[in-house]
Amino acid sequence: MNSFGRIFRISIFGESHGESVGISIDGCPAGLPLTMEDFLVDLERRRGGNQKGTTPRKEDDLPIFKSGIFNGKSTGAPITILFENKNTRSTDYEKQRAVPRPGHADFVATEKFGGHEDYRGGGHFSGRLTVALVAAGVVSKKILRSFNGVEVKGSILEIGGEPDLEKGLQRAIDAKDSIGGIVECRVTGLPVGVGEPFFDSVESQISHAVLSIPAIRGIEFGTGFAAARMFGSEHNDAIENTDGKTKTNHAGGIVGGITNGNEVVFRVAVKPTSSTPKEQETLNRATGLMEPFSVKGRHDLCIALRVPVVLEAVTAIVLADLLMLEQRIPRIAGR
Amino acid sequence: MNSFGRIFRISIFGESHGESVGISIDGCPAGLPLTMEDFLVDLERRRGGNQKGTTPRKEDDLPIFKSGIFNGKSTGAPITILFENKNTRSTDYEKQRAVPRPGHADFVATEKFGGHEDYRGGGHFSGRLTVALVAAGVVSKKILRSFNGVEVKGSILEIGGEPDLEKGLQRAIDAKDSIGGIVECRVTGLPVGVGEPFFDSVESQISHAVLSIPAIRGIEFGTGFAAARMFGSEHNDAIENTDGKTKTNHAGGIVGGITNGNEVVFRVAVKPTSSTPKEQETLNRATGLMEPFSVKGRHDLCIALRVPVVLEAVTAIVLADLLMLEQRIPRIAGR
Amino acid sequence: MNSFGRIFRISIFGESHGESVGISIDGCPAGLPLTMEDFLVDLERRRGGNQKGTTPRKEDDLPIFKSGIFNGKSTGAPITILFENKNTRSTDYEKQRAVPRPGHADFVATEKFGGHEDYRGGGHFSGRLTVALVAAGVVSKKILRSFNGVEVKGSILEIGGEPDLEKGLQRAIDAKDSIGGIVECRVTGLPVGVGEPFFDSVESQISHAVLSIPAIRGIEFGTGFAAARMFGSEHNDAIENTDGKTKTNHAGGIVGGITNGNEVVFRVAVKPTSSTPKEQETLNRATGLMEPFSVKGRHDLCIALRVPVVLEAVTAIVLADLLMLEQRIPRIAGR
Amino acid sequence: MNSFGRIFRISIFGESHGESVGISIDGCPAGLPLTMEDFLVDLERRRGGNQKGTTPRKEDDLPIFKSGIFNGKSTGAPITILFENKNTRSTDYEKQRAVPRPGHADFVATEKFGGHEDYRGGGHFSGRLTVALVAAGVVSKKILRSFNGVEVKGSILEIGGEPDLEKGLQRAIDAKDSIGGIVECRVTGLPVGVGEPFFDSVESQISHAVLSIPAIRGIEFGTGFAAARMFGSEHNDAIENTDGKTKTNHAGGIVGGITNGNEVVFRVAVKPTSSTPKEQETLNRATGLMEPFSVKGRHDLCIALRVPVVLEAVTAIVLADLLMLEQRIPRIAGR
């Protein structure tokens, strides 16, 4: 349930305000150099730095390597990486147990786990866990780059409908509200033939992983939803040469679930941060009645800002697995 | 690779112009009544009947039960269902091997399987295999209905951008081209708490299965891509009562990857049929050059017309698995 | 539940007296030549031919290829093989439903599946299903031989404690009883390094598959149970050269769960056929009392006689999967 | 590869002389009380205490809970438990890299992982990792006891062929050598119907998990290898009543892969500790020649002494998974 992948397989664990969050990565080729420095840029990208619209909570997210790395290289055994949780003020949450926050998993978690869930800050459902995904993404991207020359790049396309991101964020600030956005991911360097027929198509696998990221509401490949309004003669990509190069790339680099040698392109919709400064209403379980609800503390105005690096991470995790299945990644680095 | 599900698990096989296509369904509760009649309506829906825009090829798709059914009921052992392929004219395809059809998997299949793939009519990549999914969907929907009162309903929202479907199809006919569409799926009757955290969220699992259907280019849940342009206070659904009923349903019935007791709603984009009557161009592998390409034979103008029943099928397959995981479906019918 | 393998994956189905038994094989490399003739020797070995001690029921077990083979070669898509059930006299079994046969799965199947199981001749629990395993074994052994030069060979070591098999069988005939035996399997040609740490060790994977064969009661690798009485200096195999060749082979070719370049050797215990000519006693569910019980019809005196080819089959299935994981089997034959 | 289980799923990681060893347990029902005290007895049993024949290295194995436990109870999210490695003298191992120890995984690990493996003390292949299994076993046994009244009990049957264990150990001490043993496991309280047909039979699943424990060379259920010398009328267990109670229990409580309501009984062969005080010979990779080899430091004379608690652990892990599949363990404690 908290694992993903067939050969290259990750297992995620942890809670927002618990001891730690972390991930175990099974199937990494032996001999891949991995140091703390490899992780810093992506971890900082996820934190948002001083970027407008992200929360200033200092998480000091430094990876702690617990297994699978020896003399600065992967050993072939599972790599386990922990992140400790610091500066968490759990008392904020304890008072509010009876009042499930709108848009958050509080209500469903209580129902599913009988009230035993760690409810503090969203617990296991918290976006905090994406720090572990980002760490696994660093390893995955390094594998893809080293063995296949594959690059995965996420970027924000629009915030609140605005391609000018500053403008989109300003809309949210002016409205004293949170806001959504659209993030794109592009993958270059994939050979023809990655992906499996039917249930392990590239789209199936990427969608599976991407839709597990909190706050993602949809995904589309290539022309995506626009394809639904196109004629076949418009949408089909004419194959130009024996490398599979096509004149256009409406398919987003995937045909029949298999990569066709062109750039893989997809986009995701990110909902507005559930914790908005605006007053809302929600159920009070104690009274059984709805009541006004205000978010305490400071939260991201736009969670989409943090999504590109997480999207890169899960995409790289998926592709590392598929490329291993396709025997494009060797078991041992340097061979 | 051609299997899906954890406890309720399907394995699909077959080729468009081979001996047969079929599916094996493992994990069906024992004692579920299943007869030929249960399958006819959905199989006919998939064929499109005499509907404008679907191909008139008479497939006479009758399910042949090979295992797992005894005295008209499931036994608890795997249920295997075959469909024979008839009226296939394979010679049409043999002549054209060197010319991969645009939009089809011909090119990638040859690259991936070294030319050993059954290339006739798309082989294992053909939409023909959805007949097996529809059969598994019949079993899955019957399980959901019997044990959980859950109903899964797919319907076409628009064809070529037109909510009036006749109009959309006429556009394609006038243009002598194929056309895409959007299909919606709604699920009623799900309890709170279905789905697993992270990689087995309801969205992850449904997206995985849905994106394996040929011709699907994207999926969105609840407000989907529109959420990317909303404020948090607009998008959040206020919880009204202890059943989890919300005032609005922008989340599409899923929060934190878990069902919240409201209707589950999602939509998919279906690309235009790759086989269009319009002349196109594609590579000729023999010459290494592009050349004009015309589709032989009769094909669907709009593959979206057949999608609702297939979408219901894969959704029901996913939900049967998740409800078993959640212990909402017993091992034995009648207990 | 009825599937096995990670990359090279089989799904078994069928019942003893139902329509058919069969298997779907996912992950076979494309381009492997496969014809009816490849299957005949092993299918005949399983039937026991005119061998003393096996039942003379004529099954005419000819494989029917339903998918995945085209122009005499594997396509890369799932290979589905059916065997029809003929000459089954089901009425024999219907009368006796209330009386679960001792040693058979009748009692547990009824409890587990609520009486909905196909009870005729053991249904899904019947040794009849091993015909499907043998077919998958033919494919697996051909893969191992073609790509890796690996040979898997099962043979009977003793029947009823007698290395002279005729003598062992005669003991059973004289006693008018059924009898057990021990079967050995030897695998040559495996490179060093096959198998995964911990849960996918070669012993774990082989044991998993082997213990799913009906009538197997135990398995031991190398010196096996005798190792429990040895000193370390006796048991350890001294490594002689950089190929991993050891002076002795007490480890049975596997150290730390990984092949060490020597012959892989293991043995299994096969219980006596549950259907014995001797009168026994069992429960009558109708009366709730025990009563005398006699087996109707003709049955194998010694099921161990049929086991070597089945043991080869499951071993080859396991090794094909592990060698693919280890990237020793390419995706495409001829590459 | 380092994971096991379908619904109740463990992922193991760590190395003997690395930072830590640990395990993540996914699928534990929410609300199960778990405290440090629950773990102490089994961890001490594994360490062997002051028992003759086990190594006196003080490991101070205290579990560190990293996730999934809140207010002293399981939350339903993955439970991660770490054990730090202390008092490790790695320099002992660095000098000897060129000389693979006989009976250990040193040689195969280097071949498989290209020399990148953590070679210190067996690294990821070390028996040290069983401490993590024991921790997962504590959780699993508590689940089985709480929900099903199931008890799992391992015990030593013989050491070096001697049922009198003191005598067996004295033989080893006298011979200045290590020695093997046989360990039995008995499970009481299982209902009829646990286990799945074919590849998830109880024997398949238990064997899979048990054979992943280092030093196990074989497994047998019920009468096991002795069954190979029995007549059918001797071996068959007569069913006495509708609870499935049988007169004898030669089947070891499992028929057709499914529990039959009687005690589940199986035995394993444990090889002598590979690190023996006796001088041996092995390859020197540097010279390519064999040379005399002596073990440095203190090691267990008889690893079988530590096996009972590890055997209980993996058996309980397997049964927790199978009982969840069978819906005998609820998702939430207290419901």
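Per-chain numbering from 1; labels A, B, C and D assigned in written order.
The criterion applied here is as follows: contacts are C-beta pairs under 8 Å (C-beta built on N, C-alpha and C of every residue); 3 or more make two chains touch, one makes a residue touch a chain.
None of these values were measured; they are calculated from a predicted model.
K.L.:
So if I look at the partners of chain C and the partners of chain D, which chains show up in both lists?
P.N.:
A, B
K.L.:
Let me check something: if the centre of a chain is the mean of its CA atoms, which chain is farthest from chain C?
P.N.:
A
K.L.:
Please report how many Å separate the Cα centroid of chain A from that of chain B, as a whole number.
P.N.:
Measuring from centre to centre gives 26 Å for this pair.
K.L.:
Can you work out the whole-Å distance between the CA centroids of chain B and chain C?
P.N.:
From the centre of chain B to the centre of chain C is 36 Å.
K.L.:
Centre to centre, by mean C-alpha position, how many angstrom separate chain B and chain D?
P.N.:
From the centre of chain B to the centre of chain D is 44 Å.
K.L.:
Which residue numbers or ranges of chain C touch two or more of the other chains?
P.N.:
1-3, 12, 77, 112, 124, 197, 331
K.L.:
Please categorise the chain-chain contact pattern as a line, ring, star, complete graph or other.
P.N.:
complete
K.L.:
Would you pull the chain C residues touching chain A in the complex into a rising list?
P.N.:
6-7, 77, 197, 325-327, 330-331
K.L.:
Please output the residues of chain A touching chain D within their complex, sorted ascending.
P.N.:
Within the complex, chain A touches chain D at residues 1-3, 9, 11-15, 18-22, 24, 26-27, 30-31, 65-68, 70, 73-80, 82, 112-114, 116-118, 123-124, 331-335.
K.L.:
For a test of understanding, state which residues of chain D touch chain C in their complex under the given definition.
P.N.:
1-4, 12, 100, 102-105, 107-109, 111-112, 124-125, 129, 158, 160-161, 172, 175, 177-182, 192-193, 196-201, 203-205, 207-212, 214, 216-242, 244, 251-252, 255-260, 269-276, 278, 280-283, 285, 288, 290, 304
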